[in-house]
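Pasting a structure below so you can have a look.
Chain naming follows the written order as A, B, C, D, E, F and G, and within any one chain the residues start at number 1.
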Amino acid sequence: MNGFLELSLEIGFLCVVASVVMAFIRLVKGPSLQDRVVALDFMTVAIVAFCGLAAIRYGTPAFLDVALVLALVGFLATVALARFAERNTYRNRKEAAND
Amino acid sequence: MNTFGLNIILAIAWVAFTGSVSLVGLITGFVIGYGALWLIQPLIGTSTYFRRVTAWIKLVIMFHYELIVSSLAVAFDILTPRHRARPAIIEVPLDVKTDTGILLVTNLISLTPGTLSLDVSEDRKTLLVHAMFADDHDAIRKSLKDGMERWVIDAVEGT
Amino acid sequence: MNSVILRVGTRYLAGLLLVFSFYMMLRGHNEPGGGFIGGLTGATGFVLYAIACGTQDARAALRVMPQTIAIWGLGIALAAGLFAALFGDALFTGQWLFIGATEDDKGLPLSSVLVFDIGVYLVVFGSILTLVFAMEEEI
Amino acid sequence: MTDVTAGVLIVLGGLFAVIGALGLIRMPDVLIRMHASTKIGTLACGLILAGSAFVFGSPDIIIRVIAIVLFILLTAPIGAHMMGRSVLSTGVPLWKNETSETGNLDEKLIAEHTDATIQSK
Amino acid sequence: MAGGFPKTVRGNGLTGILPVGLAALLFAWFASMLPTIAATEVIRLTIPWIPSLGIELAFLVDGLSLTFSLLISGIGTLVLLYSNTYLAGHPQYARFALFLTAFMVSMLGLVLADDLILLFVFWELTTLTSYMLIGFSHEAKKSRRNALQALFVTGAGGLAFLAGLILLAAATGTTSISGIIAQGSALKEHAMYLPILILLLAGTFTKSAQVPFHFWLPNAMAAPTPVSAFLHSATMVKAGVYVMARMHPAMSGTDVWLWTLTIFGAVTAVFASLLALRQTDLKQALAYTTLMALGTLTLFLGQESGYAMTAFATFLIVHSLYKASLFLVVGCIDLSTGTRETDQLGGLGRIMPITAVAAALAALSMAGFPPFLGFIGKELKYAGALAVASEPVLVAGAALLSNALMLAVAGVVAFRPFWRGTVPSGQSPQEAPWQMWAGPIILASLGAVFGIYPDLLQVALVAPTVISLTGEVGEVKELQLWAGFNIPLILSIATFVLGLLFYARHVQLRGMLERAFTAIPNLDTGWDRFLDRLKGFAKWQTQLVQNGKLTSYLFGTFLTIAAGILLTLVYTGMPMIAVDLSDVEWKHTSIALLTIAGALLALVTNSRIAGIAALGVVGIGIAMIFIVFSAPDVAITQLLVETLVVVLVAVVMLRLPSLPKAEFRLNHALLSVAVGASVSLILIAVVSSPLDLRLTEYFEATSWPEAYGRNIVNVILVDFRALDTFGEIAVVVIAALSAYALLRTTRKGDQK
Amino acid sequence: MSWLLALPVVIPFLTAVLAFLTRQSPLGRWISVAGSSLLLVASIILMATVLRDGVIAGQMGNWPAPFGITLVADLLSAVMVLITAIVAVAVSIYAIADVDEGMERLGYHALFNMLIAGVVGAFITGDLFNLYVWFEVMLIASFGLLVLGGRPEQIDGGVKYVALNLVSTIMFLTGIGLLYGMTGTLNMADLASAVDGADQRLLTIVAVLFMIAFGVKAAVFPLFFWLPASYHTPAFSVSAVFAGLLTKVGVYALLRMFTLVFDHDTAFTHTILLWVAGLTMVVGVLGAAAQSDMRKILSFHIVSQIGYMILGLALLTPLAIVGAVFYLVHHIVVKANLFLIAGVAQRIAGGTELSRIGGLYKSAPLLAVLFVVPAFSLAGFPPLSGFWAKFLLVKAALDVQGWIIAGIALAVGLLTIYSMTKIWAQAFWEPHPDGVEPKLSSLSNRERAAMLIPIAGLAILTVVIGTIPEPFVQFAEASAAQLLDPTAYITAVLGEQP
Amino acid sequence: MEFLFAITIGVLVAAAVYLMLSNHLLRFIFGLVLISNAANLTIFVAGRLTDGAPPLIPEGADAPTLAANALPQALVLTAIVIGFGLFAFAIVLVFRAWTSLNSLTPDDMRLAEPEEAPK
């Protein structure tokens, strides 16, 4: 592995980790449920990228398998939480209507 | 796309996963794919369509072009201190009919920065799109219909 | 969930996840994967199905009660362990059959270990769906 | 040469990742933030993965990378759609600059979607 | 139990007769051993039982045990005969007979046992069976209370007794009683002698109701009268006395032995006779006289002289005969008139002549009139008292006072109801059926027979008993009605005078005693208070530790963890710690920080979604750790599980309310930090020394060649450690089935 | 040989699978009975083999120790498996009458057999991580059984039970990680020598960690809270099997680990255990004294009696270990039986709250007899099993001049008598407050047989142990010898090694 | 490296303990997830950390040249799945606690151990 690639990798890691940290800031700040979920979703995608970087860095394609799985199932959490938000709103309104 | 086609795709996917292109792999993939499809049978209606290879290729190319161009636009907005965005939620009438078509249209719209598919109405006739640079709603509607939706219809539903 | 997009997407994803899960299970002995990962992934497919189309549809698609799948999985895993008894080996001793083995190539391996992994797959798959379906229905 | 291409792709991907994350922080409302995260994140991810495909170069890795990217392209918009929908139906306050043309959209959506969900039980 | 004898005197059929037959057979069997024992021989029977603990089913018949055996089986026969009529037609007679017979057998076992542990087994069996018998009228609250009291007090003593026996066995190296006795005086010099003695006496004193443990005995009169006659005069209460007698050769002769037994015996004798006179209930009065007898017997056992031992043996027999007889008489009176109150009784002599004769004979023996055995017993008592090594005057005085009181009580119990006054109106008493007077008559007559022919008793039982007690033939003193004009005779006369005086004045005396005793703290009411206190303390303690609050439980558990680790750390000192930060990359640090940040967010947030998202962040952080440190399988699993966790929480949360704002709790925070710091510290210490990688190296070497797998982790899971994995999937199945069951029962539960 | 060891684990699992597949029909319960009986046969054979050949070990998957997972049976393991099988048979018969169809459909029999599998697995494994796995099998099955039926108080008890047991589980897991990190092995026989090379100070700390983790499972002071909070809430057959077996697995684990592995600083560790034993005895028995419900009383007594077993371990003399082993066996039989009897009382007298029931002595004398045996055995009356258990431990304590602890053991015995007679007086002697006469004949013939046969069987066992204690004492002695000198155990697992 | 993650684990444990002590079942669940993760990580770290060398045997080789310790990975994998099973049950139990006891504060749940023992 030559110096350029190594440097690029280091930059790549730095960027990805930085983006995760920034997403975390959004996650903390919210304010809405969706903001937090979007932040979490972004992190998932960032981990996929992270796996790609790790695969190169350590010369092990095995990490791409992690990315593969995550790419397929990662969004499920987003879907579940989005659905929660909707159903929750509906329930709250229904309860408010019943009161 | 009929069941057979879907099955072939799954078989190919299998080969892709295993990474070894061979007849045995293809057959195994076909069998396993068949099993999977059998399990999800209720989801698959009866449908027969041509595959329009050229339309597909065009779709792929155009999509990537759009993706990169509009990504840059959004990136620019993010990086510049003032927000140029004039976001809006826009209703777009849908011509695409098939499930696959709708999925493709909505996904591709979402993937191209600047537009985001929010929802499809229950009657499948209207698409709700969130656009970032929506100074002119009609222009956006038109570009979506003539661009992404057209390409998808050609690829998926074309005669 | 009454979303056209999700439903249509699920149509592809559920199948994809199932196929992918078999793949992950089968390759597990040599690459990352295995029964757990396979089972979890496969279950994810049906969880998505249940979220998108409701548990009734998902149950109908599955045809068999998920808890039955899980318990059969346990039975299969156990059977894979008990299989060694036929050869006078201890419980869970792997039994291997290499189809078409040659000097250089071990051929297509069939083994009780793979059966065991299938059992694991079914258990994880069935159990998660038992849980998720019941939760979806009761809550 | 492949290393240089890969390096460029990786750095580009990294930069896009940062830009996406920055958008997540900076943009004024949740829908706009989703623009940033969904597409730019996908793009960043795709670039980095493409970089790794270049490095490894072997066909099985390339197929795998393509699969990953395709999976993300398939799932990310669905997730975004679900989130977007929920933004509308839960009535999350949007940026003042929003110029939506549908007045009581959120009410309509709630009536249309969630009702059916709950009733289906 | 008011109003006449049972209509039918046929008793309880076979159920009633069988036990009588059994007891009679036993009596006959023991009687057949008399010649052997009279010839100062012993009979042994030894069956191995628990050889590994050296415990045997060893039985020994010598003078002491045969005397007891004959009393137990003989009186047992008569009591069972009596009971069959007394409780004729009682629906629970079968149980009664069973318990009584079981008790008798246990008692026989106790006196025959030649093994400490075997003895204890029977000891506890008598406690248990007597519990059942005292509580026989179980629907009455009083019966239940008194049964518990008896059980608790004797049970407590029994446990001390057990400790004593164990120490005794340890000190002597054997559980064989003969073996211990054969060791001679070695035990008395043993360092553990005193604790052993105290513990053994704790057992015997409670069982034999020595003051101040006496209070349970009168309360035990809640039992049917035949039970009282049997247990609380002739047998169970004498178990303690028996054990003291049995251990006499091995343990007596020390100052502790002497003074403890003398003081407890004397105090009990006097105190009990005063209390006896105070009673107006015939049965209660008799109960206290039993105490007096027990005190006296204990007093004798304190000594070593041949007089004392002879007096012990004689008085033991005398007392059993007259006391059982009198109890049975009281039972007759009770059934006949419906009362046991002295003030409500009179003139029964003409209506119940046979009973009256029995009562008279027994009472005369009890009062110590010649020519009854009681007289001989009393003479020996005085002789024995005067032979006491130190303070003979005090002992003799106590004996005199108690004997005189005894005489008065005999008058009150057995003379007045028959020979004074008239039958109160409203009563229509009858003579008891023969099954009920046979016992009293026989027992009372024996008192006279042995009084006139003391040699019979002397040769057959008293002498062998004394030999058992002292181990020497020469110590046996003559039993004789006329021993010449000596100090004991003078004391006897004094007893008569004083006793008659007491009798004449007993009503006034009773008043005085009443006043005196109300001033003395009453252990019986103390009992109820004790139980209340015990319950109160138990409740208080339980409220303290088991307060029903999960947070307290968790706090306690975590506190134990933190305190356990930190205090151990104080004890052991700091383990070796090596901190090597040279290989830490910024990546590692940022991942660690991200994980920590996620955990902290989960900690502080009041938003459920933020909480879940924070958990997601932690999950992602940990997955990144797994990725960076080469665990792709684990990372995949972690991410999949994390996703499912979020899905499940999202589903469940729909029905749950929002999180309330968390209040900061300093004690919780400190504890949390302590637990966290302990874990960190231990882990750092653990990783400070190199790891032995034998197992991993083996897996690496064999994974492919022998298990045909290239993914070592998977090979470990499905092959090397397949059993773990099997258990693990079982956990998953069970979790699913359990959760499913829990969810599905919701509806059912809610509908109720 | 290895199959002999594997079968006791395999049989309940197979039974569970079959019982689950037939859960909709009455067949399930008969499968459960048959499976338990088969387990009993297997465990008898195992016991016979261990008695004949000494410690036996089997390497699962044919991988040599310490690399694979080893199942080991020494006398202690064998007897624990045997007694588990006996309880399983008793409870599975009892369940025919006790468990309603609703619970059966939700998989009661499967959960029950899984629980048994977990318990047996824990007793028979020679691998620390595998022990954790069996603990989990047992734990999760117990979760399910505890709340099966879903009454609110079950849920309440379940919350506490689950919460506290999860803490223990996680501690155990952490402990395993740490111990592995120090020694590099998981095989318990291998650990016995591997720990010698580790930092002994650290080892003591980790030992304490294990002590706490197992202490929660064993329900010792001050970690027992979960037990009295929950054991009185589930179905009676469930609480019987819990009462008999679950805490004993914790005790077993303590006994195993603190004789085999953590024996490097007994002056410290076993002194702690001694304190724990004393406090557990006292606090438990006082807790019982404060209760007025039959099952709550019995629950607190479990705690109290765990103290006795810990006492045996703490003293660590041969006789003390004999006592602990004897106590363990005796307690399982007796305590399970008492809970089963409480179930009958509940059925015919309408409850277990002592003030609301009564009259059982008068109208259900058979039940009274059946109660007296285990109750007075528990209280330590001779010649019942409990007497010998207590005798051995008190003797062991006195032998080492442990006056105070012996005194505590005896005093606690007295308070145990108090509790048992409280039940006896209030549920049996006292008339029923509503004037009803609770009769066994109010049960159907089938129910009566299903409930009373196991109770009678266990009672007979109690009497047999009590009256013919020699073989049991001999057995306990041999078992204690194996525990105190684990050479045979280690050799059986690892083979002859330097 | 191990040092760094030992500290991380400590923080996770501390946060988890604090959450578990709070009188709220949902927070308890959060704590449970954290502490399970911490326990898994403990095993992983105690098995020592190795960068970039997954325990996979390359094609053609009989054994890996340098690989991370595989055993702890297998243990952690097992523990994760078991932890998930326990978590799933716990979350359902919390839900049931809410529906049948109408409370998420365990200290208010006093059915099994009532405040005042009935006379």
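In this section, a contact is a pair of C-beta atoms (placed from the backbone, for glycine too) under 8 Å apart; a residue touches a chain by one contact, two chains touch by 3 or more.
The shown structure was predicted, so the numbers you read here are calculated from the model rather than taken from an experiment.
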Listed by label, which chains are in contact with chain B and with chain D?
C
Set C-D beside E-G; more C-beta pairs touch across E-G
Far-end chain from chain C, centres as C-alpha averages
E
Using mean CA coordinates as chain centres, what's the chain D-chain G distance in Å?
30
What whole-Å value do you get for the distance between chain A and chain G if each is reduced to the mean of its CA atoms?
21
Rounded to the nearest Å, the gap separating the Cα centres of chain C and chain G is 24
Rounded to the nearest Å, the gap between Cα centres of chain D and chain E is 78
Any chance you could list the residues of chain E touching two or more other chains?
539, 546, 548, 550, 552, 554, 558, 614, 628, 630, 632-633, 636-637, 640-641, 643-644, 647-648, 651-655, 679, 683, 686-687, 691, 693, 695-696, 699, 710-711, 717, 719-725, 728-740, 742-744, 746, 749
Can you pull out the residues of chain F that are in contact with at least two other chains?
13, 20, 60-61, 107, 110, 129, 133, 136, 140, 143-144, 147, 150, 152, 159-160, 163, 167, 174, 178, 181, 228-229, 290-291
Do you know which chain G residues sit against two or more other chains?
20, 38, 40, 42, 44-48, 51-54, 56, 71, 77-78, 81-82, 85-86, 88-89, 92-96, 100, 106, 109-110, 112-113, 117
Interchain contacts (touch definition) - all pairs:
A-C, A-D, A-E, A-G, B-C, B-D, C-D, C-E, C-F, C-G, E-F, E-G, F-G
Which positions of chain A touch chain C when the two form their complex?
62, 65-66, 68-69, 72-73, 76, 79-80, 83
In the complex, chain F residues that touch chain G
129, 133, 136, 139-140, 143-144, 147, 150, 152-160, 162-163, 166-167, 169-170, 173-174, 176-178, 180-181, 228-230, 232-233, 290-292, 353, 355
For a test of understanding, state which residues of chain F touch chain C in their complex under the given definition.
2-3, 6, 10, 13-14, 16-17, 20-21, 58-62, 107, 110
Within the complex, which stretch of chain D touches chain B?
16, 19-20, 22-23, 26-29, 31-32, 34-36, 38-40, 42-43, 59-60, 63-64, 66-67, 73-74, 76-78, 80-81, 84-85, 87-88, 94-95, 97-102, 105, 109, 112-113, 116
Residue numbers on chain E that touch chain F, as the complex places them
48-53, 92, 95, 117, 120-121, 124-125, 127-128, 131, 135, 138-139, 141, 143-144, 147-148, 151-152, 155-156, 159-160, 162-163, 166-167, 170, 534-535, 537-539, 541-543, 545-546, 548, 550, 552-554, 556-558, 560-561, 564-565, 568-569, 571-576, 679, 682-683, 685-687, 689, 691-696, 698-699, 719-724, 727-728, 730-731, 733-735, 737-742, 744-746, 748-749
